[in-house]
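In what follows, subunit A forms one complex with subunit B and a second complex with subunit C.
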Partner chain A sequence: MKKHTFGIVIAGILAVAPLLIDNDYYLHLMILALMWVVIGSAWNLLAGYTGQVSFGDAAFFGTGAYTAGLLHDHLGWSPWWGLLFGPITAIMVAVPFGWICFRLRGAYFALATLALNEVMRHTATIMDGFTSGMAGVMILQSFTSKIPYYYIALALAILSVVCVMAVMGHRSGYYFLSIREDQDAAESLGIDTHFYKMISLAIAAGLTGVAGALYMNYMGFIDPEVVFSLHDISIMAILVGIVGGVGTIYGPAIGAFVMVLAQELFRTGGFGVITSLAESTGNASMITIANNMTQAHTLGFGILVVLVIRFMPNGIAGDWEMLVKAVTKKR
Partner chain B sequence: MSFFEIKKISKRFGGVKAVTDVSFTVQEGEIFGLIGPNGSGKTTLFNLISGFYKPNAGSIHFQGNRIDGKEPHQINRLGVARTFQVVKPLKRMTVLDNVMVGAFATATGPKEAKAIACETLDFCRLDHRRKNLAGELTIGDRKRLEITRALATKPALILLDETFAGLNHAEQDDSIKLIGRIRDSGVTIIIVEHIMKVIMNISDKVHAINFGETMAEGTPSKVVSHPEVVRAYLGEPYDHHA
Partner chain C sequence: MKNSSLLISLLLSGLLTIVSCSPNDSKTPSTDQPDPVNVGIVLPLTGKHAKFGEIEKLSFELALEKVNAEGGINGRPLKLIFEDTTGKPDIGRSAAEKLITQNEVVMLGGGYSSSVTAAIAGVAINKGFPFLVNTGSADIITEPTAHTPSGKKIDRLKKSNKSDDITTKIAELTKKAEKEAESILSRYAIFRLNPPVSEYANGIESFLAQVVKPQTAVILNENSLFGTKGAASFQKTCARLGVRVLLKESYDQGAIDFKPILAKVKDLDPDIVYMSSYVLDASLLMKQSMELGLNPKMFIGGGAGFTLPEFYTAAGKAAEKVISATLWHQSIPFPGAMEYYDDFAKRYNRETEYHGAEAYAATFVIADALRRAKSFSPEEIRDALLKTDMETIFGPVKFISYGAKVHQNRLPTYVVQWIDGKLTMIWPENLAKQKYVYPVNWPEERK
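Let's look at the complex of A and B:
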């Protein structure tokens, strides 16, 4: 149990957090971060552990989100059914894709996932009779309070971390790692690498689909540009994984909170600090920064990734001991 | 029906004939040596047997199954394991985990896989490295890890591709002993090797190829005195006392 202490303590803190944080804004950020824990863990299973880097997680996220929304739109079912059917449809997208595209290795596979992302986004836009196209899908949220969403998101986040942990402790986990390290060696040891890559993809797609369904339920509105977004979903999933720590259990969970915080920092202009500084001082350069910061998050993320890869190539979780050493030494 | 048989197998890469009409039979329990100059097609033959290449003509039979055309992982599950000449350690996994990956071939779960892996590591005298990352090993240990991992899949036939290259004399002697132990445990061995001392000492039968074609086959002493083998490969007749 000792090695799970960290996870249990964090889960415990998160479970009581809403009692301490009686603020919808902070709860909103926490819900988003928990959703990113799910997506990041899924991406990490496929890319970090199996070595199949995906640039197209939004394909599965959007499929999950649209499943929830369209079940309600067309059949009148509760969008919460999306939590069950979202992963199923995401897997139905993933399996034929993987069957064809896992013949590609390395960067070529990554490019195929990028294409899948765009194919799904255009499909959702063009089939407007079925998906309402750019008009998007709107539902009425079930709860006005954030608390129920928070606990559902927390449950899904814990589920996904535990799921990845369980998979990695068993046969498939060893096989995933061996495929990452050397596909030919894995094949020579009797591993059906094509099949196991599909298993990894299916689990990742399923988890990402759940996150999408949660997003639909929580936000109440989706359109193709939002849920099939390359930079807001697919790239963000990669950032969560890299910043937190590729190929570590808790890395994506840490990365999720860091990245949601970083995103919010840019979106709000340093939580309003920069903006108020600019207003109070009237400093010209400060005003320029304040005006542009909200749009500069892509630049900021780029710099962040460069710094992480330069100084912590294994991410926050992977280089945790080094990080602790660096901090304590200075004191 | 023989244990293992290759029948008139050929492989071309575009216009290059890598292997032409090679046939041989390996008996159960034998150590079968495969020799020939660089580029003569030895590794291509291994890739054909293990399924990484598909032959253009001919067939490969193992324990009554026709295995040519099958995928590498299927061939491994039928009982043919291989090592790679250019070693392929799973670098960011520990030695134990490397071997466990192989052991899952017959294990029902991680516990059993670990037990098989530890047993195989003991057998190959690599247990003192079990906690090391495979990427940290010396070339000698990496070569040994290749064998250990392949053995963990519990094969009936193992293909060893130049597992002695780069080893010092002490390591070579250890590896000769290991190959003896592998044979004694009931595993049949096909070995590609350039170090003639090894081939002469351990092989029951030797098959020599050049430019993808058979030059000679027979007992080691008969093959090394074959004029064509001497001319094309050895350069001078093999001195048994050297």
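Let's look at the complex of A and C:
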């Protein structure tokens, strides 16, 4: 029980958070962060625990999002059905892909996932009779309040963390680890490595598909460039995993919050604090800092990632003890 | 180790500031000046569309000075708060949410690329929040019925190209769609200053019909909402003019090598080449056409990149005599148009074009509506915008409903040509400053 205390406390805090933060902007950021918890956890299961690094999570994310959007577009169903069918279609994309491409190992598999990402993006662009192509799919949001979205996102985030925890506590979790450590040794012990890698991929794809369906419902607009984006989805998923901690249960969850908040922090110049300080004091150097910070937000974001990788190679969760030591150490 | 612990604590303190800082606690210091009226402007200030965002921001600022010099909003200064969308829908949405809840703006403006504008439109529809779009050109933004299930059925029916009687079916579905959209129509507060993309080529259409009279065409477009929609509407133009489209090809955003496509175009030898592109691809397309010696009767740009000064700087001689659709030109006799052009050139030491004019005009439309609004509640501002009837440098502004569109400003579009490095208005003829150059001897132009 003790080892779950951390998670339960955090989940409890998040559950009451909307009562304390009555602010649409913060809730919006929290919803995005919770969505990234789902994607990060899924990526971590496949890459962190099973050792199969994926550069193509957007393929599953976009499939989930398009499932939700197209069910509404073509059949007039509520896009919320996407939460159920999104993961199913994502798994339908993942299974044949995995069956073929898990023959590849290491960097070659990573390249194959990259290719899958691009294949899906092009498919969605070209089949514009079915997907509306670059015109995108637009739906109306079901709720005007953010609270329902927040709790749905929170439920999915908790589900994904619990799901990874359960899998890793199960026998197949040990198989995943053994595949990561030494695939040949695992094979020689009688583990069907191909099969278990597929299981890992299917779970990851399913979770990512759910996140995609949530994105469609919440954002109300998708196009292939947005949901099949290599840079904004696939790479971001990897960053969330790496910054939070590869191969840890809570790592991706921490990473998701850090990345979403850091991105916004740099973009807005400290949530507008630095800009408003600059304006109220009229200090010339303050104004320069504010302007440069917001203009160079991508750079600041990049430096943060470099620093984390350089000084905390195991991520925030992985190097937590070192982090605590470094802060509390008195000289 | 000493260094690393220092860095880590720096990092942590940075993170702590995120958590501990409650933003905007330091509101404008109390002075004798009345509180400003805040309006949020969402623009792509960084990322791939930054060039457009920049020219718009500068124009917004230029217009803001004028508005405030005229007395602002009934004695209170107008303040524009800019937020960067980075050209991504989810970030654009963050920006809009921040402006509404943190900065407590009374309305939104700006909105550059169609996908970002569509995402922000979602927020505006949801909250019934007034949003004046000045560049986002996808038709769907001012078509509330298009979001409903019946509206989507209509769209598919139209696309299916079935020749049998679909008009009655469409009429039936339109009624149904209107009913479905009833709940959002009452609070639909999105207005659009610029014509939608489907109307961009209207000026070009009459120019082609009366001057070039082409038989065959090739259409190239960037794979983006704007690019594909622009290409699709030009295809319809071709159908109306009886022009045969030999090839319609799209390329990825960020592509730099167009020679394979252009070689194919050269083989087909079309009368006109129509391109719906942003700025970098537009200049590369023209440069590589020159290198390949591609000489159709006319190169036509579908607005966007083709009218930016950067297009001519990057493409050089290859841009000479290229024509483009445009939504504005400084020589159009709208009050203040030339003055804006000169002011912009004087202040920023560079040229401006239609995106800037849209932003400049939008500032005055916003100020006008806020002056007339009984209060700054979304409903009152919406009512004030609905009653807008004014002259701007971008043309007369009046938000009307036609077809499936609501709150749409209806304007003609024009044709411009790069003549001796100057973007010159050539069509419609009664507004043209200079006669168009046609036919063009391309090899001679590119010497």
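The definition used in the following text is that the second predicted complex is superposed on the first by the 297 of 331 C-alpha atoms of A that agree within 3 Å, B and C clash if a C-alpha of one lies under 4 Å from a C-alpha of the other, contacts with A are read in each partner's own complex, and residues count from 1 in each chain.
Keep in mind that, in the parts below, contacts are C-beta pairs under 8 Å (C-beta built on N, C-alpha and C of every residue); 3 or more make two chains touch, one makes a residue touch a chain.
Everything quoted here is computed from the prediction, not taken from an experiment.
Of the two partner chains, neither subunit B nor subunit C is touched by A:148. Within the superposed three-chain model, A:7 lies out of touch with both subunit B and subunit C [touch as defined at top]. Looking at the superposition, the partner that touches the larger set of subunit A residues, subunit B or subunit C, turns out to be C.
When the two complexes are overlaid on their common chain A, residue A:191 makes contact with subunit B while staying clear of subunit C.
When the two structures are aligned on the shared chain, A:323 is found in touch with subunit C, with no touch to subunit B.
When both complexes are overlaid on chain A, the residue A:134 reaches subunit C alone and has no touch with subunit B.
Touch criterion met: A:277 reaches subunit C, while subunit B stays clear of it. Taken together, the subunit C residues at the contact with subunit A in this complex read 4-5, 7-9, 11-12, 15, 17-18, 21, 23-24, 26-29, 45-46, 83-84, 86, 88-91, 93-94, 97-98, 100-103, 115, 118-119, 121-122, 125-127, 138, 140, 146-149, 152, 159, 184, 223-225, 227-229, 253. The touching residues of subunit A, when paired with subunit C in their complex, are 23-25, 28-29, 32, 72-73, 76, 125, 128-129, 133-136, 138-141, 144, 215, 219-221, 223, 225-226, 232, 258, 261-265, 267-268, 270-273, 276-277, 279-280, 294-295, 297-298, 304, 307-308, 311-312, 323, 326-327, 329. Looking at the complex, you find that subunit A touches subunit B at residues 169-171, 174-175, 177-178, 180-182, 184-193, 247.
The touching residues of subunit B, when paired with subunit A in their complex, are 50, 52, 71-74, 76-77, 81-82, 84, 88-93, 97-98, 100-102, 104-105, 107, 109-110, 113, 149-150, 153.
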